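Quick one: the structure is below, and I'll ask about it shortly.
All chains are identified by letter, namely A, B, C and D, in their written order; residue positions are counted from 1 within each chain.
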Amino acid sequence: MLTTNPFDDDKLREECGVFGVSGAEGAAALVALGLHALQHRGQEAAGISSFDGTEFHSYRAMGHVAGNFDRDEIIRGLAGEVACGHVRYSTTGETALRNVQPLFADLSSGGFAVAHNGNISNALRLKRDLVRRGSIFQSTSDTEVIIHLVATSSYRSLLDRFIDALKQVEGAYSLIVMTPEGMIACRDPLGIRPLVMGKLGDAVIFASETVALDVVGAEFVRAVDPGELVIVQGTETRSIRPFASVAPRPCIFEYVYFSRPDSIADDRSVYSVRKAIGAQLAIEHPVEADLVIPVPDSGTPAAIGYAQQSGIPFELGIIRSHYVGRTFIQPGDKVRHLGVKLKHNANRGLIEGKRVVLIDDSIVRGTTSLKIVQMMREAGAAEVHMRIASPPTRHSCFYGVDTPERAKLLAAKLDLGGMTDFIHADSLGFVSIDGLYKALGEAERAAIRPGYCDACFTGDYPTSLTDQDELAPVEQFSMLEERVG
Amino acid sequence: MLTTNPFDDDKLREECGVFGVSGAEGAAALVALGLHALQHRGQEAAGISSFDGTEFHSYRAMGHVAGNFDRDEIIRGLAGEVACGHVRYSTTGETALRNVQPLFADLSSGGFAVAHNGNISNALRLKRDLVRRGSIFQSTSDTEVIIHLVATSSYRSLLDRFIDALKQVEGAYSLIVMTPEGMIACRDPLGIRPLVMGKLGDAVIFASETVALDVVGAEFVRAVDPGELVIVQGTETRSIRPFASVAPRPCIFEYVYFSRPDSIADDRSVYSVRKAIGAQLAIEHPVEADLVIPVPDSGTPAAIGYAQQSGIPFELGIIRSHYVGRTFIQPGDKVRHLGVKLKHNANRGLIEGKRVVLIDDSIVRGTTSLKIVQMMREAGAAEVHMRIASPPTRHSCFYGVDTPERAKLLAAKLDLGGMTDFIHADSLGFVSIDGLYKALGEAERAAIRPGYCDACFTGDYPTSLTDQDELAPVEQFSMLEERVG
Amino acid sequence: MLTTNPFDDDKLREECGVFGVSGAEGAAALVALGLHALQHRGQEAAGISSFDGTEFHSYRAMGHVAGNFDRDEIIRGLAGEVACGHVRYSTTGETALRNVQPLFADLSSGGFAVAHNGNISNALRLKRDLVRRGSIFQSTSDTEVIIHLVATSSYRSLLDRFIDALKQVEGAYSLIVMTPEGMIACRDPLGIRPLVMGKLGDAVIFASETVALDVVGAEFVRAVDPGELVIVQGTETRSIRPFASVAPRPCIFEYVYFSRPDSIADDRSVYSVRKAIGAQLAIEHPVEADLVIPVPDSGTPAAIGYAQQSGIPFELGIIRSHYVGRTFIQPGDKVRHLGVKLKHNANRGLIEGKRVVLIDDSIVRGTTSLKIVQMMREAGAAEVHMRIASPPTRHSCFYGVDTPERAKLLAAKLDLGGMTDFIHADSLGFVSIDGLYKALGEAERAAIRPGYCDACFTGDYPTSLTDQDELAPVEQFSMLEERVG
Amino acid sequence: MLTTNPFDDDKLREECGVFGVSGAEGAAALVALGLHALQHRGQEAAGISSFDGTEFHSYRAMGHVAGNFDRDEIIRGLAGEVACGHVRYSTTGETALRNVQPLFADLSSGGFAVAHNGNISNALRLKRDLVRRGSIFQSTSDTEVIIHLVATSSYRSLLDRFIDALKQVEGAYSLIVMTPEGMIACRDPLGIRPLVMGKLGDAVIFASETVALDVVGAEFVRAVDPGELVIVQGTETRSIRPFASVAPRPCIFEYVYFSRPDSIADDRSVYSVRKAIGAQLAIEHPVEADLVIPVPDSGTPAAIGYAQQSGIPFELGIIRSHYVGRTFIQPGDKVRHLGVKLKHNANRGLIEGKRVVLIDDSIVRGTTSLKIVQMMREAGAAEVHMRIASPPTRHSCFYGVDTPERAKLLAAKLDLGGMTDFIHADSLGFVSIDGLYKALGEAERAAIRPGYCDACFTGDYPTSLTDQDELAPVEQFSMLEERVG
């Protein structure tokens, strides 16, 4: 099956995006817009929960935000001035609706809804202990562990129970929680996954990226700090920082690929960082060529940077179909090899006889790079040089990013020469890890306490990985697709 | 909205049917057939769980068995030689998929699936206690209480934990439970709801009614006894009776309406009992008339009994459309009053100028009876005499039957004369409560320890009704319809 | 694939039902109700066309009336005081939407919609001629021939063109036509298929059966005469009879099976005729037995007649599931042989040790009869005697009834002894052809000009069969299922 | 309703794309791929017809190619080595399936399927005559006129009948016709709409654009000439030119917007022409500015040309969401004004304080331009200069392009100053008509017989417009949406 799905690219995939609103009439409609702007962070499923002062309401669906959360009857059903939502890409095989967030539970303190971006790296061990004590899990999501820790905590107040729970979990989490007493947004002590705060009139807004603030017309206030809990009651906010302070390690790959280029991450324009990486790449890996061509669309900002630095003209040598939003299952065996062109086509008139520099943001398995290089050659390119706007991806991520097992990562298997051969390029260059930090305004990567989580490039994981070190228990229950109506 | 749904009748509604198989290859396919035969016990939703020796599988869907559980890919996904299923009619407003049974939980002892016919009459009180201790409920079903009681029991073995749980619940339950160690079928100490056991080759089968055994070609072995747990491992069975012995009180309404006429309930043919009630009715309430006409289809056996006893010819004076299986929402206001005829039509040629005796099984609100009498008059009937094959229904049921609140029961509001006037009949007669027991082979209803639960007629409830005596807490969470795909 | 579809019976199948209204506000809503009452005449597809004085509107759908024509937006879209509709069962493999009626064409005289019950027996020859002269057919329906004959007629007025068309066609037709000038209902000169006229207030109504008049609350006026055209403008009607007069030959099978028992066909109650056939059967084929059991539901009236005549008690020995309205595709191979019981189940308690007389309306292939007899034997019947309320079906119908090819008709292959053996009965008896005419009030079947079309029993076809005598041309176009939205 | 549909832009819309294959095994699979590549030419519906040597097969569906024509069972049903297909955008209100092409008819010569890009400008007059003579139309498509002209032609051979038909029609047509004798591709004498020919092995391919050849891996052979009929039998082709020779007038807007940039139209790279227009625009309308920003995606090639000519850096100042492929109906009134940002968002970090030149391909109503300018201002742009890569669009198109009525065209209502004010820009410049011809390699637009149809800019229509000069008759039939299954 060849597809034109835009997400069948050879890319790492962000697992989730979250969005929350407190203090706005029709909060759920704003959440729907915000989630639409975060759709690139999770295309598999989406959900919104709201609280109307008395009751919680929830709607979750497989598929995109559009087509589900643009139905009037759905939004009307999600009444209240407080709402939060979630878009999800699943990394496991388990895609049932019961795993779609926000997760909800009726605790003795009242309703408790949670939307989570990240991954708890000791979830399996915690779950085993909880089940032994009588807890019953309704999902296979790591997030549910947090809810059970809150439910069974021996502290009295809900806030204390929540902090008690967070202190037991390891890993990455940006959370938006809704309770009858208010909304809580928080980020793990290392701030691995992003979370920003905005204002729309009096309403308080949280989102994974600033682009979601733009879309709802909200003003960007600041990032939620690593280790910070922001507690909102109506439109009033207060912060607490219950964790020992550590140096933050936000995910560097947000700059490379995950975030939208029009987002501002920790005060930096993502677009500008990508252009700077491209310029750095031109310095580190110059080449004599006629055209700089982005692999659309994620390679474009770096390609502009490369072209401006090198003086080689930027041209659209690969045209991307607009109609790749839905999977096209290619019919018949005969035409199977033709599939890649459904998505990308060489701009033949431009390429013929030219030496081209292709700019892409990253290489994971290398399969798409190979096809793109071949497409350039078939269109008559004289030379094909590939430049990559990130260092070689050599390690899996355990913090909420979908990475293939290490054995499938091209850079974990082959050296530069091997990779160049594999993708049939005339030359191949990756930006260096120091070059990447330079594009972010630092002189180089600090050997001790570097400013970002760059484990996928370096293998330097900032937390312990409890579950990885134990045997993953076999999930013994399979829920088939279910049907309503 | 007028509909032709066959279940918009003025009837009490059985809430559930259960079916289980242990020790048969392709067990889920048998369960699908069995549930189809029990469809009259619950049309709203259905589910099947199976266990393949390692993993549990489950599929639940809103709607009928046909259209959901006759899809090959679904049945193939429900692998294993052990399976159980459930059909459901909801009595509460909550119709979400998460309430569809079998319910499933991953306990520390492994998977635990349960299908339940009946109603736990102290479920709300038990739930409140469990939530206070940290349990998180995934459904609003009373059945889930049993699972949490098992999960948090301080006993060691799963069987002891299960018995511990059952000893805390009040009310009616016929349960089929699946665990990695085997299947358990059990019936509450009073045996309020039915449960029978059969054999198909070596395989052991449990079902709410014998008709489901017939449909899969199984042999009827015996009813599960009130208070009995039948434990099946593979094809081996053993029984335990952990409760103090009490006189059974099976539901008498199963004979009046719930069970299919071709079922055998506690060694009695339901069809024969209904004919005997009809004959008793002819003795208690004779009338000079030309025709005995059943209100189709549930009044037919009693009408045959009435006709044979009275010598008045049995005729089809009301023709029922075959096409009432799905709701027909009547379009437009103009034609609203015509709706009832979509379902039933008078056999005009037969009725004109005749004195007719209509036989129906019961009257709940009286609305349908009124329409039927009017239809007879419009077709030219000279006299219309209504005879009812059960005593007046005056009390609500709290054991798994959908009854309207008392204020809507015609017989709770009006005396015989008032009811006769309300339905515009020339005369009206109900079989007496003693007559009903006579049709069941007893001399009369015993004042002390009568042989059946007849609370809907007498108000004599055989258990305490804890939740009825406390205030029902407001459910604070509303899950909208959800979507897959 | 075993199914529980109620129409997988071993029955002949009526192809169509028609219903028309002129002069009633919201005419389409009445048509929807009328078609629902005629659903037994065609379950595959349905359509309604309306005329609002300026524009024609149309909606056609695969499937039942309920679920399609009970949607408010559909009925609202079918504006106007004139409307007609059609239910259809297809006899050919071609089931595309473009064949669903009413068919519509924009003629030079304006719109022209037609709903047809019957079959044109020279349609293929006429079509070939029309195509040769440049006509383009949009369906494979024989009915479209009539429209093209009207379009290309050399007469001037629309009525003359329509009569010109009818004079060229052979076979059976009950038609309801809508034009800007009014509605025309007509019946072929032999009156093979039924058509009745009714009144609802001032509105004029046409329907295939009186039961559809009952359902909309209309009064039965009279049958449309064979060879009559009733022309309606608003609520005014006039009749013309453009054909030479011949003795009518209405279809006798309408009394045996097609019509609903509560219909009045040509002044006779269908129910009473069926009871009379049953009584005649008891006279012609008496037997000593304990129970008379109908094969539900179509055998019931004849069984009542048989029981009353013979004095043997009528009992429900076979219980029919209510849930057979939709197909249940039986999952898995293992349980394939169990399928028939999904639909019918023996009332075991009643049958055991008894001599039973089964009454069915007809035998076509004999496959169902065999299963029913076996079911009785498995339930312990001492003897099983089958009695059939029609003569042996030995010939195909070419007038709008779905009959298998002759080679598949049991009675065309085997004599009485052979059929008795095939179905494993102890005895088998069919009512005689003279007995059938007796039940209809005649002394016997007249050898010359019998009063009914009984070709399926006698092979005596009342028209020539042009297309049958020529080679059916290969249809060279296959339209796959199509999709909206 | 605000939507993120990519086609709610303020753009003219091409109505159709066609694709045909003769002589390739599994031809329909190739057609599906080709249509996917032409999806931008018609998003409303698609259809494919095939011929297997004996029978024609057809499948048509509302919606995109993906989701309909990537289903194996559909492609398998479209058997044969000859197939053609069509994508459609409807310009009229009539969107029923019966208008989806290829249209098909059974003529006396056998099947006849036709896919048409263009518009017959005397279709209504021809239809009126045909109906008067007895033809019955099944669609409201102008294309069907051609089929009826063929069916009723007095010539003998199919080819003569087809030419006879073409000689009677006026307007624009690129046609692919399938008959049992072979495939015919043809282009109207002026060659208004494009059509190219390619080869894949021995197979002959026709397509609206070369990009569709690329996608199936075919080699571009040449454009079909204006007035040429290419007749293909198997893999053999021959040409006839039955029309008097006239100077061609291909549509100039294909270069401006309709064609994909990676297509080659009449030997010119569309991408290069667009860059040349951008460069010409920089010469004609220079401005001092900091950034050149394309309105994505159609303005990008011209923006690159403008940037290269002017030396002002090309930057992505507007980010387009990837998730606009499906309509997002914005929920609730409160957030209505926020809608446009769902689709486009300003790259705020880049824009702030900068003087920007926006490049778009055309302005139709001006509504989107206004929103884009405002978005730039809200993001802090110091100056906003709009440059348009086509002359002002002042006239409707009657040759198969969806243009609003003249009264809605901004340039038909306002002069340059008025337009500049309307969109709130600091300055506005359109490329001149002579500049546009320069970009196409000509010195200027020839006053007499210019090389292209540029009627939308100049009002100089190359054919007579018969139907425009007569009153459009009211279509008297409305077919509601229909349902299968």
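By our rule, a residue touches a chain if its C-beta (ideal position, glycine included) is under 8 Å from a C-beta of that chain, and two chains touch if they have at least 3 such contacts.
Predicted model only: the values in this text are computed from it and were never measured.
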Distance-maximising chain from chain B - centres being C-alpha averages: D
Length of the line joining the C-alpha centres of chain B and chain C, rounded to whole Å: 37
Centroid spacing, where centroids are CA-atom means, of chain B and chain D in whole angstrom: 62
Chain D, residues touching no fewer than two other chains: 74
Chain-to-chain touches, reported pairwise for every pair that qualifies: A-B, A-D, B-C, C-D
In the complex, chain C residues that touch chain D: 54-63, 68, 74, 77-78, 97-98, 104-108, 110-111, 131-138, 147-148, 151-152, 474, 476-485
Contact footprint of chain A on chain D as seen in their complex: 4, 6, 25-26, 28-30, 32-33, 36-37, 39-40, 64-67, 69-72, 74-75, 211, 214-217, 260-262, 264, 269, 271-272, 297, 300-301, 304, 308, 313-316, 319, 321-332, 334-335, 337-338, 341-342, 345-350
